[in-house]
Amino acid sequence: MQTHDAKRVEIIIEAPMERRLKNALEEVGVTGYTVLPVLGGSGRSGRWTRDGQVSKAGGMVAVICILRPDRVQTLLDAAFKVLEQHIGVVSVSDCQVLRAERF
Amino acid sequence: MQTHDAKRVEIIIEAPMERRLKNALEEVGVTGYTVLPVLGGSGRSGRWTRDGQVSKAGGMVAVICILRPDRVQTLLDAAFKVLEQHIGVVSVSDCQVLRAERF
Amino acid sequence: MQTHDAKRVEIIIEAPMERRLKNALEEVGVTGYTVLPVLGGSGRSGRWTRDGQVSKAGGMVAVICILRPDRVQTLLDAAFKVLEQHIGVVSVSDCQVLRAERF
Amino acid sequence: MEGILGLAADNVLSPMVLSFALGFAAAIARSDLSVPEAAAKALSLYLLFAIGFKGGVSVAESGVGPDLVLALGAGIVLSAAIPFIAFAILRVVSQLSVIDAAAVAAHYGSISVVTFVAGSSALDSAGISYEGYMVAVAAAMEAPAILSALWLISRTGASGTASSEDGLMREILLNGSIVLLVGSFVIGWITGPEGLAEIDSFVVAPFKGVLCIFLLDMGLVAGRGFRSSAGLLQLPVILFGLVMPLIGGCLGLATGVALGLSAGGAALLVVLSASASYIAVPAAMRVALPQANPSIYLTLSLGVTFPFNLTLGIPLYIAAATALAG
Amino acid sequence: MEGILGLAADNVLSPMVLSFALGFAAAIARSDLSVPEAAAKALSLYLLFAIGFKGGVSVAESGVGPDLVLALGAGIVLSAAIPFIAFAILRVVSQLSVIDAAAVAAHYGSISVVTFVAGSSALDSAGISYEGYMVAVAAAMEAPAILSALWLISRTGASGTASSEDGLMREILLNGSIVLLVGSFVIGWITGPEGLAEIDSFVVAPFKGVLCIFLLDMGLVAGRGFRSSAGLLQLPVILFGLVMPLIGGCLGLATGVALGLSAGGAALLVVLSASASYIAVPAAMRVALPQANPSIYLTLSLGVTFPFNLTLGIPLYIAAATALAG
Amino acid sequence: MEGILGLAADNVLSPMVLSFALGFAAAIARSDLSVPEAAAKALSLYLLFAIGFKGGVSVAESGVGPDLVLALGAGIVLSAAIPFIAFAILRVVSQLSVIDAAAVAAHYGSISVVTFVAGSSALDSAGISYEGYMVAVAAAMEAPAILSALWLISRTGASGTASSEDGLMREILLNGSIVLLVGSFVIGWITGPEGLAEIDSFVVAPFKGVLCIFLLDMGLVAGRGFRSSAGLLQLPVILFGLVMPLIGGCLGLATGVALGLSAGGAALLVVLSASASYIAVPAAMRVALPQANPSIYLTLSLGVTFPFNLTLGIPLYIAAATALAG
């Protein structure tokens, strides 16, 4: 199968910021992404787990976004504006995709 | 630790197609994969979320498959036959694995 | 945005071993990671699914760890000590991160 | 007429319907109120188990004869026939493609369990009894409509049909909600009133309350769908979503009268015929007709027809059945 | 005095409080006992729905006049005013930064629904009645404190304020727990005693049992937070978590007496004023004040103040209200 | 004999056992019926809490003396001893490796809470009373078998033992299900009949119904395991899964008679001895004996022994205990 170069951006972000991140992405024209649940983790602010939590405050989600290499900077700029003062992790890696016209 | 080249294939697919994808993978001898839940997302068909859904129809799952580089084409061919007319995203990236004999 | 080279390690491990893996990581100074839930999968020991399970025994989790390239060997050594006799999959891939000082 | 209005007011002002309205309004207002997926599924398992079990017990109490078999057969025929009517109407009045029209048609031939549950709960409140085996009729009506829709597609030669696809039939017939409904019906039938005595404070007492929370969730999901996709539906399609239940309902009523069902039983057959699936059929459509647009059939079924049936439809159907059947 | 002690003992030795203690102890001992997130959320939906609905029904039964409006207004003022006091105290006694102090202050002005639920359940057990509209007062008290805290920050000119941020106000006011509480209150009000008769074996009978499981979970979460973050809190901050409820409570009591509430109603206003939020405010703080340390406000609210209110606070507040109001 | 058959028929045709059968059949037929993991865990928390609490209340009512301590001690000895017998049998009749045999043996020494719950529920239906502290005996029997199995392994010098592994003991003893069972037992004991009066419409009334849904889920999981792994088990191993409960049960019966337990209490001790763990032990085995094949021990415990005990075992054990003890 013919594959095409693309980038995979993975953003781990606080659940209360999810809506804002999605809006920011859509504003710059990034309309394809997938949100994965997160069970827990650890970082500079310590270990945490979703178990039994009722508030959104103590949780995170992972947003995965596959897009054309030339769109990555736009996305990072938009994401960074939302993330700036918030905890969270952004990583970008190379990947290949089928059906490039979708991205 | 000694690591070996491998490929990581990530397939985001509609939940009702999960069983078919898994069968297709196993038919071509790809027996190692992991299924992650998906909370929601956005694409050409709009935003969606799993919250409160009862039907499988409105959901997706992410299937992650790590395998030897020379098996990737086989996998993509098999996956594409299942995915063809369905919404979903396939991406392939390079990775290294421990214990190469497992893949 | 300025990005920096990093590594993304993805460890799929049995749920009963999660605590031990996290302790092992923290012992060698890897304090940043995120745990994702896993719905099911397949491997040499057959297909499984979390549906309806009550025991931790029959489940896995995915631990994602983004770190500086020079820390990867330390992490792999620590993880391997925990994983050795256990089922599970470790993969490492290249990525870029924002805010390198965090890793 | 006054009776109908009173019934409608009672129905609309019940905690159940108001809970649905609350969920719908919250979603439209973009509140972040939400029911976790696992909880919604658990509630739906409870409702299926409870309604199936109670139906079985009532069959154990009253016994059955050939009327059960007749009702099952009639239900199957209704479910298989309604999609043809729906398809024909949609092709005439709307600009939906063959595939979208067939997918929508499948939903209207099949049934919505929660509408059935709301209907029987309204009958209980009104003190009208009904045949316990109507639960089995509900289960029997889930699948046939899907086959009709696929046949329609294959006949019109639209591409991409998958009706003969590996395992699809098994998947439809062994769909979790059918299996649980039929299974708990059989359990109720076997264990009868003694079985009910053991678990009635689980399957009977909290039933309506659980239904409130489930309808709250349905309201949230319907409202979300409505908000994001209402613009997608053209007026003729929305009108179809309001008129088709009445057409299906008339067929159901005629069948119920012909079968000699009690007023309550006939009302439930009307409810079944008038309701549109939102669990089993959408999932089957994603497999068999991936080109059909889910926003159309889900929004129509869950965002238009379900609220209509829940609020105005059910009291109307009960009134009509009480007038003509029994 | 004896009365208070007896009430306190009854309260501490109730299945509800003991369930909380069990969860707390299990978390401290690092047991892997845990309640799935989806189940915890479902339990909280149930409690909100049930308490709101019952409040609405009781308003339907007793009718309301201007006293409801007065109580709502008083609740809003209390919620808006308490953060100023809390902030001033924290700035004097602790070394918390302006931002952390304001974030903590917001929690104490707002309310904890589960403390309210535990309080009304204790009143029920003691046979003391209260105004049904106190549920609406609870809902009204959730948000104002957040605004006060944000205003405090903006006035002190601390950086990074986000009070005018896109959609934050809407998000706070349409927070799921407020919407469900108010919505079910309205549903209860509309359907009244007949509505209650339909679903009372869901909203009334199992209520205290569900509360036990929810408090078990709260104990687990509080214990986990306490174990990992207790070291983070300096003594003055911990003392604040024990004294602030009493200060808030006194304001609530004075207001309750001034409003002429019944003893039970005044007790609930004390409980509301004394309690600290753990759902709505933390989430709003993550958005509006990301620099504030969640370990501080969550541990203080959930690990210090909530246990205090649950065990000693509630009986004390009831005793005080019974002595002075009604 | 007739009595046993009647009891067996009553048991097999109860809604609980039929629900299990429904789940098992659905999984074998590859229906997609499933219970969300979070819901299954929530149901199991409920059952543990309710059974523990009720046991504690009944101890509060009847008081305890040295018999509780004796029964606990006897339970611990049974749990520690049975793995030796199971291991010896398996090594003789099957070709399981030392490690697999020890892992299986640990399961049979330990207990299955849901079998215990089903047993007490069958006793309730039959109107036979039992000692409330049997719940505590159940909790005490969870862990010792694991130690025996690890000792067996270390003695035979098989590689990869991890018995002295960091935190394993703490993890086993503070396992969530043990903590909740013991904790709610203590809560029930402390609050006594008044506590029960507050929450009985939660812990008593819906109990059997919840058990139905939980057993439906157990049936699904067991059926799934059976379908995928039945081929893996050789005939001698399957027979072991049917005979070992009888051997364990005889030991339990002898112990119960020797302790002077009531007929109901002795029946429950038989049930505990005959049952095989499916929550705590499998998880501990994954940590301590990762080389042991989970398909073997899980399929045997959940797919063979559990259905046997649930259907035929429990009535048999009750009949035997009624004949010999009390």
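Points to keep in mind about this one:
For clarity, chains are labelled A, B, C, D, E and F in written order, and residue numbers in each chain start from 1.
Just so it is clear, a contact is a pair of C-beta atoms (placed from the backbone, for glycine too) under 8 Å apart; a residue touches a chain by one contact, two chains touch by 3 or more.
These numbers come from a predicted model, not from an experiment.
Taken together, subunit A and subunit E share no touching chain.
In the contact between subunit E and subunit F, the residue numbers used by both copies make up under half of all numbers at that interface. The greatest centre-to-centre distance from subunit E, using averaged C-alpha positions, is reached by B. Judged by contacting C-beta pairs, the busier of the interfaces C-F and D-E is D-E. Relative to the C-alpha centre of subunit D, the farthest chain centre belongs to C. Put simply, the C-alpha centre of subunit C and that of subunit E have 38 angstrom between them. In whole angstrom, the spacing between the mean C-alpha positions of subunit B and subunit C is 18.
Each of residues 32, 34-39, 41-42, 201, 205-206 in subunit F touches at least two other chains. Residue positions of subunit C touching 2 or more other chains, listed in rising order: 36-37, 47, 49, 56, 93-94. Each chain pair that touches appears in this list: A-B, A-C, A-E, B-C, B-D, C-F, D-E, D-F, E-F. Here subunit A touches subunit B in the complex through residues 1, 3, 6, 8, 22, 26, 31-37, 61, 64, 66, 93-99, 102, going by the rule given at the top. Residues 36-39, 41-42, 45-46, 49, 53, 170-171, 174-177, 179-180, 183-184, 186-188, 190-191, 195, 198-199, 201-203, 205-206 of subunit F are the ones that touch subunit E when the two sit in their complex. Only residues 10, 12, 36-44, 47, 49, 60, 62, 73, 76-77, 80, 89-94 of subunit B touch subunit A when the two sit together in their complex. By the touch rule above, subunit B contacts subunit D in their complex via residues 14-17, 19-20, 23, 45-47, 49-58, 85-87. Put simply, subunit E touches subunit A in their complex at residues 34-37, 40-41, 44, 160, 166-167, 217, 220-221, 224, 228-229, 278-280, 282-287, 290-291, 293-295, 298.
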